[in-house]
Each structure stands twice: as structure tokens, then as C-alpha cells.
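Just so it is clear, A, B, C and D label the chains in written order, and each chain counts residues from 1 on its own.
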């Protein structure tokens, strides 16, 4: 969330240039001569461009992977601690803290890729901020894999405690099918009284608020959070947890829900992870994407004054939406 | 609360100018030629000034509307979650957090209009900071409508849970008339032991503290919160909730109380929403305005050193108060 | 705590100059001609220097008064709310929040006088930072009066609730003499198991930590909190409350304890406010001053690198301490 | 954690220079003549270089000592308050707050030495950021002594309360050997259901997350926390406490655990402080160092773009690791 336009990674690419072209002579010498204090000691830095090249190529992916992993480590970790300790080592407010912290620290860790750590946010950025559509699959996949990795680590950390809570190392149950269910550590299961409409609406409105606030906080034409962005995101996510978190567990993030759900299925929680809540699992995949798109649209329609939004195209973006993609991209980029 | 003087919205008005005068030729070309990268692609941005004109015209109103809506979404949302989950998903401290967050994020969202999100704050700004009186009705109305919209969304989100809590979809009750009342989600009902004087004093003193602190935090001649303003407001509102929030629910905001109260009446909570607490409903409409005015007066009288306060006019502003309005406006604007 | 050296209040004194010398002619005209947009409308600002002169003269006093009043409004307010609601509207953590917030917001409000709001802090600044000794009585008196005013307002706000809690409007009791005592709202009463030595040590060590951290946070040669100072103070006071607050209630501030204690005596809580805890009342007056002085001395002795500390005089300040006061002042001011 | 490279302490060393060379005449006069307002009063500041020399020589040690002491004062203090008051004066979330605050304020206090206050962090800085290895023993020793001092002060403060809790002044027991054990105030004892592998893994993963986040927050090539660093560390440590703190008490710091454990052994808690949890005591000494090193390695391998990491040497640092130390130091320092 820190930089929506693609960061050019200026300093890094210069390093890359230096490393990969160290044999090409004169113009480079001017730069490196001042760097080498002892020119007779050959610098070891000029011999290993391979890992750097690979890393640079995958930077978006690794950055989103680790950002989402941090998010899930803190988020799933706090749910595990509160649940498995029977509320002795934290309460519902701790859970709000944990998820808020997870987002905050995940964004700090993943600024190189923009700190989305949420496919729904990436989607809304593609729609409203000209973020390249070709990057969407990479981002979504990295985020999901990061969430899976994070939840697997949480499972490893709390395995003994889960055994003690469930009653044995072979017992893994899902909320609604058992009173000692622990699957809620990993992903969201809705409260029992919720209808399907209510489930969907709850996820939708929470995601709308999330995206509306992200765009507001990023908008330099509004007040804008500036360097306080991660802290402000902490407050947004804490607030969504405290105010809209009860009914469906506020996934508001397809990767956050689907990744750990898949992990828990692989661990052995059984088919119930998909069937629970009348096949609730697809709601936190679809509703956040629709909600974030709607929230971004509301913000751009009424409050955004920047020129990079499709709202500034005819019919406040609807004509653009129905037109072909490539035309839209050209138009968006023209008045840079 | 971010900028009390009217923001000129420089960049936006330039955009407007560009859009509305795209037929007038030469002088504009100089600006746009550098903008269009591909001059043969006609920019779609020059064809749609209507929505932008409307939006610009209503900017103050939309900004206050959404700011207050955010405030109520978080504030009423957290009360709903704590109440309807029987304290399982939050406690009183969560409620303090929710309202503090609501104000913080509402101010972030509504900086274009100054981030008042409270008619009493707007009123005090008119009295003490030369904010134009003609804007007061627009602000107050937008804030009230935003509060109504926010509370309606909260109602939609928690409808199933309210049904479960009240005992049925047709039952909607008010505190003091039922043990499963849910009207307290939307607006304030006083504690039972409170006298009318106590109710009024409690709202008055909380509003006084609020306005005193807002003026202190905005005062560059004092320490001033600067870019931490929304965070500092979070602490102020959290503190008022934790320290003065019990007895009357700390409305400290006429729109925050009246708007949702009207919504709850429209939903079907019945005449009791007005009658409860011996017709308490007018107290959170009147006391915050008087309290904020008093708090602002105390701050200006003793601590404020800026030149834009009526305290700097004869008899520390009392003579001005009794004189005609237009004369006051002239005097205030003269020594800019 | 924001500016230990006396603020010159440049802009204010210019205003004063303008106001008080408006009859002396030529040199002033140069300044004001550019100010008056309509020169034919006589500015009303030039006719009222009296209040401004008085206010300017008492600025330190009013600033400390209101800062300490804000501190007590939030601090005593949160204790009242938690106690009188039988823990329904807050818990011990809320109390930590309330006092932390009170200090934070009090410092924001009283920057004009340096934001001490604590006689022990003023004392340590006199000893270690060359703060003028002649100001100490004014500061201490203003802080105590501010604390009395704040606690009186809290009493007024919670009078009905105190009546309900104590059992009647004429009953006012002190901890240790009754099970429904409410005197703990206003000032500190120690836990029953504490010895006199333990009481003193607890207050002493908490004050030492407070002053050590204040000097660390103000020290630009260290990391320094800079504009985050009030926020950092929130964390310091919250931390002292959470970590050292149980045994004696962490007065760590003579004005915070003595002022409200006097108010509660005047209200009618009886002689027991002084006698409780084996005449505990003098401990929070003496221990914070000694503790703050010790904490400041430790910080200056080991970590402070600024030149304005008496540690930089012979025998790390001990010789200076034993010498006459006026000599010390000269020496401190010489190497400005 | 504020400045990994050694601070030159510019202003201090100038002072030193002035003080130590006050007899050498002319060039100094130019500087001090402007300083002395009354040149006939001989400045007392020129006569005491000894304490300053000693202090300057030990600056790293004193800075880490006090930083770690502050950490333990808040951290052990909050555990003592919550435990000894039977949860009346705080809950598990308070403990998370206390440790987070301790780290935040400890870092503010010890910036002169870089604010490590954790031998595992110092170790990782030696490995990955070219921090001089010769300083490691000094840092580790100072940190451990600071932790011992802090826990001794906490013991003194809560001695009466410990007597009341344990049942007498001679009874001091360790968790697992008694139901009124208080040794948990000072250091970590694992939950009973934990295997040795689980203990180790839990400490390891928490330390990994800690170091990963510290490097992320310090990385200017990433978003970076900048002046918010102490606040961000508060959130990191709060989060680790809330999410990974249950099973082993999240030592994540050899000094934080070993120092107070030694203190509690000296106080008289007996051999059980070492034997408890099947001689758990070595886990929080070894696991944090390995975990922090691993976390730093992960961050540097995938995300760090700065040039001062051994990842930028052949074989991503593994060859360097196996090579001699002095060669590594030369290489690291060459391209400054």
C-alpha cells in the first residue's frame, strides 16, 4: 500500500548494472574507483550477479510472499494463542490487535512491491490506479502462498497445544462439527445465526470500508497518512475487527482466507473446511474483491481528485469498463 | 479538523479549468501539449466536466457526509458487536477504541471540508475561527445525513444478530423498556440514576474538554499535533469515552446522536427513542453545542495567541457577540 | 516537557507590542499599514491591551493550571468511571490508559510553559537544566490549583454516581474505613500490605523511572522523541501504571496527589484522607521530588552529553550543590 | 536499534577535546572567548575531564546497561503486578503492553550504543551488518548486568507483595513446583505440555520474526520506520507477545532471560530455577541467537538491497562464513 505505482528501485538497479556489467570498462570505472578504498583488494561483490538477478526478477513475488506471511504469522498466531489457552492468554481485543499488527508489519516488510498483501487490494489498484493487470496473477499467487506458509508455521508452533485442546494428535475438527474445534485458527467460519446474504453483506461492507480508507489514506489531495501509513492501517484493520469482525471473522482478504484454509485441509482437517457454514468458503474469496472494488469506486467517484482514476474518463468510468482493456490502458497512461 | 480555513483546492480547480474551458483554444494548448504523450490520441478527459462540476460544488457536503458515515460505521458497529455478542467479542474498552478510531478515520477521510464531522465543532469554528456561517447549515445537514447512512448500514449488517438478541424480527426495544434492548447501538441513552442536570452537565463537560483539546492540538503557537492530528484526536475521543463516557454515552456530537436516533425511529424502535430518559434526546443536541462553544472560549481566552479569534476584539469578544453579524465578519477579515 | 528553556513567545510579544504602543506613531505604521486591508475601517484590535497584558504576565501559571487540570480530568475521571460502575465501564488497563492520556493531552495543552504539569519535574528541571528557581513556586502552586479544579469538576460530574455507590448523598468514605469508599477516585491510597518503606520505595522508583525517561526522550544527543514527545510520554506513564502502579497508585506527582486530596477534604471526606495508610499523604509529596531528582541525576551522570547540566561542573555537581545558589546560576548561564 | 554503525558522538568528542586540552592555548581561545559571557569568571567546566573520559570510554556499556535495565523494569514489573494482584491490576494483554513498552523505552534510552538491548540482536548485527565482533562480549555482558539490576529493583519493589503471595518471607518457589510460585516474574518457564522440540521451535520462530522485522524496519530501501522505529518495535514485541508468547513466555533475548534468572537464583529461589521445565534455561539462551541469525539471513537473502550484508559476497555469504574472520572484515569495510 506504500507505493501504488511501480517502484523503479533505482538504487537497486544501479547496483545490478554495476554488478552485471563489470567487464565493460571505462565509464563504470569512474564510479567504482571512488568506491574501492583499497584498489589492490579485488572486491568480492563483482562476482555474483546470478542470485541478484533471480532475486530482482522475483522481487514482487518474494515481497508479497513475505508480507502476507508476516500478516498470517501474527494473525493466525494470536487466534491460536487465545483459542488454545481458553482465553487465558488474550481475549477478543487481542485478536483485533494481532490482525492489525499483522497488516502493519506486513506492509512494512513488503514495500518493495507496494505492500498490498491482499488480492482484493491488488485488484482494486488494477481497476482504479492503473496498476498493471499482468501483475495481478503473480501478486495473487504470491499472497496465497505466503498465507499458506505463514499458517503452516503457526501450525508447527502450536501443534502440541492443538493436540492438548482437541484431545489427541489425530483429532482435527472444524467449528460447527465439534466443541473443541481448532480450524478457526486458520481461516474464517461464520457465526451460526448468519444467513448467506448476511455473510456476504458483512464481508462486502467490511471490504468496502477497508478499500475506501486505504484510498483515503493514500490520497495526497486529502489529508493523507504519509509516513504514518502502516500505523493508520493498523487502526483501520483493528477497527474493522472490533466493529465488523464478529459475524464472519472479517477475512476481507481472499489470500488470508483461502491460503490457510488450503493448508488446514492439507494438514487433515477434512472436507469440512470447505463444507462448513453451507460452503461458506467462497464468500471470503468473492465478497472482498467486490467490496474492495465498490469501496474504491465510491471513493474515486465522490472524493478523489487525482488524474489516474478511470472515474476521470467518460461516464465516470463505466464506458471504459465495458470497452476493451488495452484501450483503457493507453488512455490511462496518456496524461501522465 | 485538518484545515479550518477553507481549502482552495488548488489542483482540483485547475483541473476544472482545464475541463470546462477545453474549447477556448490557445492558452490551454500550452498546458496540455506537454501532458499528451500521444497527441494523435484525443484525450477522453476533456469531455466530461458535468460530474466534476457537480462534485466540486458539493465537495464540502460529500466530504462531511462520508467522514461522519465512517465515524458512525465504526462507532455504532463496535457497540453493536459488543452488545449483541453479550460481551464475547469486545468489552467497554473496545467501545472506546471504536469511537476513537471512527473519529480518527473520519477525519482522514474528510479533510477536504476540514474534517469537522460534528456540528458542534463546526459551530465553534464559526464562532471562534471565522469559519463562514453560511456553511453551517450545509455542514450540519451533511453530517446528520452521513450519520443516518452509517447507522443504516450498521443495522443492515447486524440485522440477523439483532433478531437473535431481541428474540424476533419484529421486536425492537429501547433501554429502560426492556432487558434485551438494542436501541443503544444507535444513539445514547443515559444511565438510570442520572438527573437531568447531571445528564446535561456530563455532556457539557465532555464537549468542553473535546473542543478545548481540538483548539490546543490545532494551535501552532502551542505545541500542536501537526500531522499527528488524527492520531491525537483518537486519544482525545478514547479518553473522553474512558473517563466521561459512562453516564450519558458521550454523544458530544449532535449529528452522531440525532441522525442514528432518527434512523432507529424509522426502522421501527418506536416513540420510545424520543421519550427514553425523560425525553433525553434533546440533551445531546444542545449540550455539545454549548459545551464546545464554552471550551473554545476558555481556550481562546486564556491560551490562544493567534489573531483570528474574536477574543482579540473589544471586551474579549462579548461586545462583538452582541453586535450585528456582518460587522463582526468584516472586522475578523480585515487584519488578514 | 516540550521546551525546557523559556519560550520567548516571539509572535505573542510582537502582538503585545503592537497593541500597547498603538499611539506612538510612525514606526508602527509601517507594520500595520500592510495589515489593514480597509484602512478606513479602524481596527478594533488596537484598543484592548489590558487583558492581553494580564494574560501574558500569567502565561506560565495559566498554562500549567490548564495542563494539570486536563491531566486530572482524564486521570480522576477514568478512576471514577471504573470504580463507580463496578468495573462494568472499564478495568485496570483503562486506568493506565486514562492517566497516560491525561499526561499526553496535558502536555499538548501546556507547551507555552514547558508542559511540566508536575512539581517534581519542575524541581528536577531547576536542578539539572537551569530552569529558574524563582519560577518553581509559581509552577507548583498553579499545578496544585489546576489539580484541585480538575478533581472538583470530576466530582461534579460523578456526584450522582458517587451517591449511588456510597449509599447516600451524605456518605463519603475513604479506603480502609469502608467497603464502598470513593476517596480513591481523587488521590492515592496504598495497598494494605505495604510497609512505610515499601510505600516510599515504590513511589521513589516510579518517579526515578519517570524522570530518567523524560530526560532520555528530551535528549537530542540520544535518539530523542522530537515531535512524538507527548505520545512517548503516554507510553511512559501507561507503562509506569501497568508496571509499578498497584502498590501505591503511582502518584509520581505531588500536585496530582495533594491537590485532589485537599479537594476531597473540602468536599467532606473527613480527616481520614490525611490519616489513611498511617498518614501516607506526605509520601506522594516527598518521594516523587526525591525520585525525580535522583532519576535526573542518574541520567545526567551516565548518559547526558549536553552542556547545561551541573554534572559538568566540578565533582559532577556535588560541589555546586553545596555552594551558594546565585554562584551556581551564574556558572550555568555563562557558557550559553 | 537506531544506528547500527558506530555513532561518532561528534558533539561529545568536541566537548572532550575542549575539556582535555584546556591548557594548550591559542586555538582553543577562539572558540571559548565567544562562549564566556563574563570572561573574568573562570569557567568551572574546564577542570574535570576525568569522569567524562571514563564515561566516554564506557559509553557502549552504560548505554546498553541502562537500556536493558529499563526493558526489565517494565517487563518484569508488569508480570509481577499482574501475577501478584491475582489479575486484579492487569491481564495478559497488560503483559504484552509492558514488554512492548520496555523495548520501546529501552531503545529510546540506549541509542548511543545502537539500542540493541539484546545479545541475539547484537550477534545478528555482527554477522550481517558489519558490527565489530570485538564489541560483542562487552554488549552481551552489559545487557546481562542491566537485566540483573532491573530484576533486582523489581524484586525490591514487590518484596512485600511476593511475601503475601507466597505465604511468607522465606518462601520462594518456581512454577511447576508450587501453586503460588513467583519465579515466573523474573524469567521464562514453559507451559507444561511443551516438548523440548516445541520449546526450542517456539523461541526460534519468535526470534526469527523479531530479527526479520527489525531488519525490515531499519531498511531504508524498504519502507523503513525512520523516527517511528521505537514505536514500531513496540508493535513488533507486543505482537510477538500476543501471538507467540504463551508457550515459552517469549524470552527472544538471552540477557532478558539469563540475567533475571541468575538474580532470582541469588535471591534464593533455589536450584529449581535451572532445573524447571527439564533444564529449560539454556533454550532461551541458544534459540534466540540462532533464530535472530536465521531471521536476519532470510531478510538479507530475499529482500535486503543494501551493500553492507555478507549476502553480497560469493555464495550468498556461506563462503565468507567458512573463511577466516579478519578477511571478512576487510572485505566488508572496503566499499564504504
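Throughout what follows, a residue touches a chain if its C-beta (ideal position, glycine included) is under 8 Å from a C-beta of that chain, and two chains touch if they have at least 3 such contacts.
Computed from a prediction, not measured in an experiment: that's the story for all the values here.
**Q** Through what angle, to the nearest 5 degrees, does subunit A rotate to match subunit D on its C-alpha atoms?
**A** Best-fit rotation on C-alpha atoms: 90 degrees.
**Q** Between copies subunit B and subunit C, are the contact residues mostly the same numbers or mostly different, with half as the line?
**A** Mostly different residues: under half of the interface numbers shared.
**Q** Which chain's C-alpha centroid is most distant from that of subunit A?
**A** C
**Q** Need the CA-centroid distance for the pair subunit B / subunit C, whole Å please.
**A** Centre separation, subunit B to subunit C: 31 Å.
**Q** Find the geometric centre of each of subunit B and subunit D from their Cα atoms only, then give the gap between the two centres in Å, rounded to an integer.
**A** Each chain's C-alpha centroid was found; their separation is 44 Å.
**Q** By residue number and range, which residues of subunit C touch two or more other chains?
**A** Touching at least two other chains: 91, 93, 228, 231.
**Q** Of all possible chain pairs, which ones touch?
**A** Chains touch in the following pairs: A-B, A-D, B-C, C-D.
**Q** If we count contacts the way the header does, which residues on subunit C are in touch with subunit D in the complex?
**A** Result: residues 91-93, 96, 191, 193-195, 198, 201-202, 205, 209, 212-213, 216-217, 221-226, 228, 231-232, 235-236, 238-239, 242-247, 302-303, 305, 307, 312-316, 320, 330-331, 333-336 of subunit C touch subunit D.
**Q** Of all residues in subunit C, which touch subunit B in the complex?
**A** Residues of subunit C touching subunit B: 2, 9, 11-12, 15, 35-38, 41, 43-45, 47-48, 51, 55, 62-63, 66, 70, 73-75, 77-78, 80-81, 84-85, 88-91, 93-94, 97-98, 101-102, 104-105, 107-109, 111-112, 115, 153, 156-161, 163-164, 227-228, 230-231, 234.
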